[in-house]
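Labels for the chains are A, B, C and D, by order of writing; each one numbers its residues from 1.
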Amino acid sequence: MVIVNFKTFSEATGRRAVELAKKAEKVNDETHVSVGVAPQFADITAVAEAVKIPVFAQHIDPIKLGNCTGHVLAESVKEAGATGTLINHSERQLKLSDIDEVIKITREVGLVSLVCANNPRISAAVATLKPDILAIEPPELIGTGIPVSKAKPEVVTDTIKLVRKVNPKVTILCGAGISHGEDVSVALKLGTQGVLVASGIVKAKDPYTILCEFAQATKIKRV
Amino acid sequence: MVIVNFKTFSEATGRRAVELAKKAEKVNDETHVSVGVAPQFADITAVAEAVKIPVFAQHIDPIKLGNCTGHVLAESVKEAGATGTLINHSERQLKLSDIDEVIKITREVGLVSLVCANNPRISAAVATLKPDILAIEPPELIGTGIPVSKAKPEVVTDTIKLVRKVNPKVTILCGAGISHGEDVSVALKLGTQGVLVASGIVKAKDPYTILCEFAQATKIKRV
Amino acid sequence: MVIVNFKTFSEATGRRAVELAKKAEKVNDETHVSVGVAPQFADITAVAEAVKIPVFAQHIDPIKLGNCTGHVLAESVKEAGATGTLINHSERQLKLSDIDEVIKITREVGLVSLVCANNPRISAAVATLKPDILAIEPPELIGTGIPVSKAKPEVVTDTIKLVRKVNPKVTILCGAGISHGEDVSVALKLGTQGVLVASGIVKAKDPYTILCEFAQATKIKRV
Amino acid sequence: MVIVNFKTFSEATGRRAVELAKKAEKVNDETHVSVGVAPQFADITAVAEAVKIPVFAQHIDPIKLGNCTGHVLAESVKEAGATGTLINHSERQLKLSDIDEVIKITREVGLVSLVCANNPRISAAVATLKPDILAIEPPELIGTGIPVSKAKPEVVTDTIKLVRKVNPKVTILCGAGISHGEDVSVALKLGTQGVLVASGIVKAKDPYTILCEFAQATKIKRV
């Protein structure tokens, strides 16, 4: 599984978000590796209309219908076409009780929950809340091009070890600095089920080719 | 000027946001009173495609392009079709320096800025930052159906007095509890240029009729 | 163990904080039940000078020495005489990564960490971070006088069950609505090692007598 | 007027906060220039007992007595001996409505309000809220040793110009990078009534001597 976080990059805003999502879908269809995208809120509708792959919101708020001007309602991103949501990304961290509440909301509304965590301890804490997917991303490597899977493999293996003690089922991804197919295959060898990637794809000269490389790398592992 | 804040009401989410925006457009076209709408982020694209009236985001973040997962980028809501944005709504308040930064961003990006304020003092502080529009909304009346223009006229008149001392140009709206045409005409008589309304329209049995009533009320004043 | 949270009650501010702490110390000394107090930041010095029982800060920030104006530094409350700190009280909740960071800081600085949690799931998440003490407090019962131990015993027992799966050692307290000795003895019978209490003591007509009652209740259990 | 912000520097925590405050008092008494100090919350009691000069809290919260665990109550810092408080320091920024509320609270409780602002526009906004003292501090110069008064004199003069339009009375200080007596005298020549300083004094090898230099510099101006 490869999930591409569009963040607020200009290369992945508006019309360009739709184009990038189509490339991701092409890789998904050609390689039969699951590729998902996480566009900005205002782009969910257009992206979800354009592609059939999983679309994640980048965040939702722990709110109910009603008087919550300026907040992100689960029902809204769902109706716009999102199938899941990132939660607690290191650039949009939540209070612990809000993570719990948001995971609960995703279950009620029918969204896939992907919770991010900064380190192995936090990953284990998150895992006790039973999200669908957990992504370990050391913030100090985000956007650096230095892949967590190679630079800090112990962060990944410690995460898997601690998480599996408390939750045998959650899907575990890793992210931060993932730039090459090899970073992905190393991530899978360490025991993850995929990667969460942003600038490595979004800011690549040729996102389609790199994404293909990522997808192929996940297949090698399975052999 | 009448601006309808869709908040996170189910009656104004997704498909129903588009329907409500079309009713607002109908009133705008029939009465020649400017009616704007403020849908949720994920609904901006569909609403802006469906109608030609002003579309406001409910909030934007004081961020630049890049590593800001889960935040609301001015460029994104603009490309999605927003022509303006609410700022500092009492349900989504900002730090003072962020209000200043967001107003600056709206100017750079080309969005109309509508800053909300809780009381006359805060209105004057906001006015020094030179937004395009300022809306005074006493939070204790929001959603009550008790109109600020009738229940607390002095809040409106004090706001106008204090604001005009520091900013002769900003458009001044009032909001909170506005439910009937008469509330609107009183608001205009007090010296405002229009109203910001939410549940009074969104949760009305017949939003089109009430909105017509609002629009007519603004015209009476002008005579 | 009984810990009295002084919150920002006038009955426990300044001079009155010291008086209340002395009563707590008297109960501690007379009953040989461990009684701790959690005064406001500005009262830590005077309280810690006046009594020898454990003194908790009500919160510390996840910061280091330096440019953090207006924040609460672990080293500062420690030097003022605090022996521990509350963390993530439902009235002062933290981001998950900040809870992790603050627990780490308490270990480095030598403070006892007491982390609060809102429900059994959050308690388990907190327990994976290995604080010294964990307190389960359903926020809806705080300040009501309806004791969690009697009104929601399953919240307490579920917490103990989930927490013990991931952390066999952490001391578990419960709180919210604890007003009578019997509430305390029920709490201990449910499997906790003590209570976190606020208005039940601070706003009692005779805090000393009630606190004695609490302390006696903990002893009955042990028999 | 010279106000020394102790921030969370180790050189100004606990026992060392008291020592530094005594040096400030010595300068105050010897030069008859008003010198104030802003220690951490937990140090207010000891500092206020040790010296007679003005003692500022570094922050207070917009709260009332009661259920506000971990927050900073105006009444508490007042009873501990504070005579005023910093508000909205760039390291502890507040929502606009909270600045308004906190200023109101300082008036009710009897504390001097010193509100910080990042730029001239924000200074004018703050000035409309009528604090006792306003300090302009460009955050990019804080802690650099590059004095605002010399590096960005236009920030100071623009602030004075914009502030005086809306508030003729508020005392205006400037801060950020103030390290030498000359920086202070330039600040006064630009039209301020004093300086807010932190590392320039706290981390100086000989804070007493530098503070004397500052105080003397303010006197030269008056001549």
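We take it that a contact is a pair of C-beta atoms (placed from the backbone, for glycine too) under 8 Å apart; a residue touches a chain by one contact, two chains touch by 3 or more.
Remember, it's a predicted structure, so these values are computed and weren't measured experimentally.
J.: If you take the chains that touch subunit B and keep only those that also touch subunit D, what is left?
T.: Output, common partners of subunit B and subunit D: nil, no chain qualifies.
J.: Could you tell me the least number of steps, going only between chains that touch, from subunit A to subunit D?
T.: Between subunit A and subunit D, the shortest chain-hopping route counts 2.
J.: Counting in whole Å, what is the centre-to-centre distance of subunit C and subunit D, each centre being its mean C-alpha position?
T.: Between these chains, centre-to-centre, one finds 34 Å.
J.: Can you work out the whole-Å distance between the CA centroids of subunit B and subunit C?
T.: 44
J.: Provide the list of subunit C residues touching at least two other chains, using ranges where the numbers run on.
T.: 90
J.: Touch graph across the chains, line, ring, star, complete or other?
T.: Drawn as a graph, the chains make one closed cycle, so a ring.
J.: Among the chains present, which pairs are found to touch?
T.: In this structure, the chains touch in these pairs: A-B, A-C, B-D, C-D.
J.: Sort out for me which residues of subunit D touch subunit B in the complex.
T.: The touching residues are 88, 90, 93-97, 99-100, 117-119, 121-122, 124-126, 128-129, 162, 165-166.
J.: Under the touch definition given earlier, write down the residues of subunit D that touch subunit C in their complex.
T.: 5, 7-10, 13-15, 38, 40-46, 57-59, 63-73, 75-77, 79-80, 82, 86, 89-92, 142-143, 198-199
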